[in-house]
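Going in written order, the chains are labelled A, B, C, D and E, and every chain counts its residues from 1.
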Amino acid sequence: MTPVTTTTTTTAAGPATGLAPAVRLDDVCKRYGDSHAVRDLSLDIAPGEFFSLLGPSGCGKTTSLRMIGGFTDPSDGAILLGGKDVTALPPNKRDVNTVFQSYALFDHLSVSDNVAFGLKRRGVDRAGIRERVAMMLERVQLTELADRKPTTLSGGQRQRVALARALVNRPQVLLLDEPLAALDLKLRRQMQVELKQIQREIGITFVFVTHDQDEALTMSDRMAVLNDGRMQQCGTPEDVYERPANSFVASFMGTSNMVPGTYRDGAVVMDEGPALPVGPRQGIAENSRVNLAIRPEKIWLSDLAPGMARVTGVVRETVYSGPTTTYLIELTPGVTVSVLEQNTDRSRMEDRWSGGEDVEVGWLPEHCLVLN
Amino acid sequence: MAVTAAFFALLYLPIGVVVLFSFNSQRSLTVFKDFSLRWYTAFFQDPVLLESLGMSLRVATVAMAGSLILGVTLALGLVRCRNRLGSLAGLVMLVPLVTPEIVTGVAAMLLFKGMQIPLSTGTVMLAEITFSISYVTVILRSRIAALNPEVEEAAMDLGATRWQSLRLVTLPALLPSILASAVLIFALVFDDFVLAYFTTGVDPQPLPVRIYSAIRFGVKPTINAVGTLMLVGSIALIALALFIPRLFGRRGGLDLLSGK
Amino acid sequence: MLPGSLWMTAFLIGSLALVATLAFGTTDPLGNPRFGLNPENFAALAEPAYRAVMLRSLGYALLTCVICLVVAYPVAYAIALYGGRFKTLLIAAIVVPFFANYLVRMYGWSVVLSDDGPLLGVLRAIGLAGDGTRILQTAPGVVAGLVYGFIVFMIIPLYAALERMDVSLIEAGRDLYGGPLRTFFHVTLPATRQGAAAGCVLVFLPAMGDFVSAQLMGGPDQIMIGNLIQDKFFQGQNWPLGSALTMLMMAVLFLGMLGYLRRTRKDEAEAVR
Amino acid sequence: AGLGLGAAASGCGFTSAGTASQEANDEPIEMKIDGDLVYFNWADFVDPAVFKGFEREYGVKVVQSNFDSMEGMAAKLNAGNRYDIIFPTAKWAERLVQGHRLRRIDHSRLRNADAVLSRYDFFTDPWYDPGSRHTLPFTMYKTGIGWRKDKIGDELSGSWDDLWLPRAMGRVFVLDDRDEVLGLAALKRGLDVSTSDEDDLGEITATLRSLRPHLRGFSSNSYNNLLTGDAVMTQAWSGDMAAMLNQAKDQSVFGFEVAEEGAPLNSDCYAIPSDAPHPGTAMLFIDYMLRPENVRRNIEYIGYPMPVGGTEDTYAALVEPFPACVVFSGDLKDDLYFRNGDDRAERARDTAWTRVKAS
Amino acid sequence: MTPVTTTTTTTAAGPATGLAPAVRLDDVCKRYGDSHAVRDLSLDIAPGEFFSLLGPSGCGKTTSLRMIGGFTDPSDGAILLGGKDVTALPPNKRDVNTVFQSYALFDHLSVSDNVAFGLKRRGVDRAGIRERVAMMLERVQLTELADRKPTTLSGGQRQRVALARALVNRPQVLLLDEPLAALDLKLRRQMQVELKQIQREIGITFVFVTHDQDEALTMSDRMAVLNDGRMQQCGTPEDVYERPANSFVASFMGTSNMVPGTYRDGAVVMDEGPALPVGPRQGIAENSRVNLAIRPEKIWLSDLAPGMARVTGVVRETVYSGPTTTYLIELTPGVTVSVLEQNTDRSRMEDRWSGGEDVEVGWLPEHCLVLN
């Protein structure tokens, strides 16, 4: 994909706070033989942030996380935790803990012994251990199950044990590598809510790896999108979704309609159709071939407002899916856009189209992206 | 790492010794003089040993075929029959694997005598078959259990009868394991001496029995040659067993050996 | 299924029952068993010599287990975790020799261990062994024989357990402030304990019944229960006593097996609960 | 169910196989080819060339099986295996004779029997086979001590006490054989070699216990232990010592003596089981084996002397370094043989052996 | 859950056609020991329909499908295919084919031999087999892979092989048991589209089992919701989503807000709040305790229309998730509703609430359900 555009801040600074960042990656690289798993990654994560690393499979998310945790040594660059350079420290000397994708629970130990493991290794006294473990189990609602073996727990419960085992050590930073990937959709939603809640209550920095855009959007304070070992964009969920830095981010973050055309006079002129006003755009040459990208939920099908770009098209398909309906609308032959409409009002919906009707669609110029 | 290297060295040293001295030109078992094929020549000119070899090959072949037929049907039955009887039969299956060989040998001989079956090549084969069935069954059971029952249903869904789906789908899916256990059984039976010792009749004795008689009273270098030949044969067979599943594009023939 | 299992069951149960019955019998001068109800053979087992040999066999078998475990663990570990794409090949290289004829292998091993065999030669050269040192006909010799004979039964289950183990368990141990050694003893070892237990059973059973190792590598003080059983059948013509000894040994083994099964059952039950 | 099955089995199958009436056993065997020869002996105990000669001359095959102990042989016979010719030791010959398990061998029909019986009259009426009706001797041998002259010196005292020599401590082997080991102690203490008397056995056990610290092992592979140097002294059968000679690089480093207290004596016999399928061929085989040229070949091949008149010089030449190996007809005495005891006696000896071996 | 309400048609008749239904279940029961896997199931599926069986785990979906396929015998009742009673026929005699959840491909056969398997069993001649297999592989775009072994294929490709293997026999009915459950979300969406497309082209009746509501809603012509072995409702996706027959269906089909109150005078009176007009409802007794159920997407946050029920509440949380934003709004203490709003118009959204504000929400009375 295209490399980072100049509009993105390369060192993605966290919210301006006086404190040292909880995690700082400084031009970190990781090479395996000839190939780069991670290239020149620089990143500041503020204390208390819920920060997500998002990207397609193989983009280097796990590698980045493992370098923070100390399981993989960076080939280049430095890693700082709370302002202290830890690049050379082994995992057991770093004040971070990890929730592994597989949870990596110790099956031979009971739930409470799992949770106590880290405290024991650090020589906390017995009474202290008992108390902190009990408190932690309380918080993740596992007090009942304290004496069970992990093999006898459900997926959600196992995840909570993994979380408790890491959190009980009160690390500066908690690393989570796709902790929800193994769960089914329903449980996953539920766990997302719980996880976010725990993070909010405890106030520890979370670095969260996922390849699920929805998950990243709903949970993160800020997020970084990686591709092919490089950072593509870093910002709040809205930044990333609404103002993607490049076409990779635009298409990776949910569905985008792409309408090909020529950029001319602040508008994209479709090949066999009307000119669609988009306003002046920096960095786009006059008369160049472009794609106009627009999200399905940003296209209106009725009550078009003034100032909107308008096109007529033919309804080709209607897919009802409960809360929303998706319409496929052919603008010119070969150019079809999908339009998402919330099923707010049934009476309106029922006399909607089933296919073949002409319809006028519109969108606000500021909602569309012009991509080379 | 050092342990691993030392381990491999010690693992192969004894075998190397046997092979080396089989090429010794002298009778000595401690001093290697010159390279010579004299003990191999001696082996190939010894009609008794050759007869024994033939006998061993015959026994191994028949035992392999017999235990495969019985073992495969048994394994199929055991996996499908999940009641108490099935689990009992499954337990009986393990008995030969945990009983000292000498006991099974004596017991088998007593049994044949009790049933007034004169010992012969046939009784060796019967005994070997009986004790090999366990291996086949144990290996195949886990394979069959791992087979997706939907596959057989799919075959029936596509118009196959019960028998056709067994023949066209289940057996081919098990083929790598069946072949691998066949080779395994062949090698085990071919190398077995305790059971064979007790159950042979007046026919030529299987080769390992002869080797045992010889080793007890001092080894002649011919035995080294025989041992080397058997070694090469067994290794080739086992290597084949390990890699058969590969031929079918599947990993891990190894768990075969652990029986898990 | 039916003919196969009927045959198996009849054969196995029949033959074991015969051994059990014979243990209460006597023999005629030509060695023909005469059945009866004769507790004398079991009474004969009270002979202190049997107890000594039984204890020794147990000791050897246990020691063999321990040595196998200590040797096999690093080997299995190295192969499972660092074997990369040579894993299968390496394991095959370990397994394959074990299917060579047992007698030939043990015989080769006895040559290696012999007084002027290569092993002592090397040890003498590096000063680890004196002129009088020997391995054959000593207890270490017999145990070495047993280890050589059965170590593969330890390696395979251990390897399987290590291979199956989630590597991130080790990382979790490190992550939770365990150094490499603590992580090994608190995480890796317990996680593979079932493999180790299976390996111990698989080594213990045949080691306990073995007679070849003591015959080829043992001296007068290394006689094992297997040798005595073999003696009863091959010398002195005392099959009934041999059967009684066999029953005794199987009882001991069975107790061991029962303990093992209990444990695994419990583990399994926990897993499904 | 198990017990029932066992009992049923004893009812049907365990009556001695091959028992035949005395009359049937006495029936003379016609010496003629009546099939291939089914042969059952220790491994490697006949020169293969001799077999070849027999096969060629009579146009039959020799089907070979081997046993590695007398008990193993008996087990096979009991199991119903039918052999034409077997080679029991004296003690076992007696058991087989008393169990009516052997065919009568009519010496008059054998052309070469005379060479045995005329020269060694012991064998005309041996204790184990009155009147020598069922057997002919095949080999004879003594049990003595073999040693390494280069390790413990050229001369020993010629007594069983030599096994206790301090300079051989820890490098002595005795045979892995109940009778031989109990026997050596009995002879040393001047007791009957086959004693089953409790006191005698107690004395024997005590004697042997005192030997244990000197022992490196029990092994029937005695001459090999000497060859490899694992043993500097070993109880050994004379024939094995002789056989060792042609494997030795330097014959002069080995010595063999028989003890002055007495050396156990034994012999293997030719015998034809009563259920032999081809007794005629077996008779022909015995006769063929007794031909002097074949006897000489076998002597050279296995190293055991055979009681056949006219072959003594061959053996003497073969064992020139070990004159003690030679068995003279005057050596053959009943009381040097291991004899059968009754059930109780066998058990007592068995227990003693277990105590010696396993304590 | 509550049993089938009287408003549901118990024999769910398909669209009125002159033809015999492709599948008819007539009072089918399946008992395992004492427990019922399926009870009194009656169902007509019209030729050419895409029919889904939907329900939570263990509700009897697989059992029903297996009875149609002939792998399990019903304890009671009859099964008809194309008007013919097949209750007693074995699977190989029924003109239906199945796509198994695990695909159940024959690993030892190549892709084309897998596809040819059924034709061979039916004795089609070699030329016919070759031709039909080739055509089928073409249709599912597997021509390239015809000689590969299934083990070397990706999940999506394997699924297409399974489909081809069943479809090549031109069965009257194709049964599919959660064919998409094993795929990840992205592939799953893609496969849903492909599957639907193939069904439309070929025109064979599909009986499709799933426990994913979205999947059922978007793909089916009609669907049946099962629970605990009983049919709860049968109808089009809109019927089931918008007019659930009982509270089980209402809560199983997506998120529903439940507002407790008392039914009085055509309104639900909240315990410590206003009366919410719902219009007269049949079968609801005056003054009875009820739950008012309303879908998050049916609640409006602005531009409230006349005739709407209106309540004020406090915004408690805002969860942005790209195309939509979810607001949690507390109506009275302890009664929180979630409201879904499409992010149609960014400029509007940005000055929306972040938490704590008072807000007025409203909905059309016909969109709410009154459940006992």
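One rule holds for everything that comes next: contacts are C-beta pairs under 8 Å (C-beta built on N, C-alpha and C of every residue); 3 or more make two chains touch, one makes a residue touch a chain.
Protein names from UniProt, one per chain: A, E = Spermidine/putrescine import ATP-binding protein PotA; B, C = ABC transporter permease.
Treat the numbers as computed from the prediction; the structure is a model and nothing was measured.
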Minimum number of chain-to-chain touching steps separating subunit A from subunit B: 2
If a chain touches subunit B and subunit C alike, it appears here: D
Of all other chains, the one whose Cα centre sits farthest from subunit C: E
Chain pair with the greatest number of C-beta contact pairs: B-C
Intercentroid distance (Cα basis), subunit D paired with subunit A, Å: 89
Centre-of-Cα separation between subunit D and subunit B, whole angstrom: 36
Gap in Å, rounded to a whole number, between the CA centres of subunit E and subunit B: 55
Multi-chain contact sites of subunit C, meaning residues that touch two or more partners: 13-14, 16, 18, 22, 33, 114, 116, 233
Contacts with 2+ other chains: residues of subunit B: 29-30, 110-111, 114, 212, 216, 219
Chains touching one another, given as label pairs in label order: A-C, A-E, B-C, B-D, B-E, C-D
Interface residues, subunit C side, partner subunit D - complex: 13-14, 16-18, 20-22, 26, 28-35, 44, 47-50, 52-53, 114-116, 136-137, 218-221, 223, 228, 231, 233-238, 241
Of subunit B, residues touching subunit E in the complex: 148, 150-151, 153-161, 164, 168-169, 172-173, 175, 248-250
In the complex with subunit D, residue positions of subunit B that touch it: 27-30, 46-48, 51, 109-116, 118-119, 197-198, 200-205, 210, 212-214, 216-220
Subunit B to subunit C touching residues, read off their complex: 1, 3-4, 7-8, 10-18, 21, 29-30, 70-71, 73-74, 76-78, 81, 89, 92-93, 95-96, 98-104, 106-108, 110-111, 114, 130, 133-134, 184, 187-188, 191, 193, 208, 211-212, 215-216, 219, 223, 227, 230-231, 234-235, 237-239, 242, 251-252, 254-255, 257-258, 260
Residue numbers on subunit E that touch subunit B, as the complex places them: 69-71, 90-92, 96-98, 100-102, 104-109, 117-118, 121-122, 149, 151-152, 165-166, 169
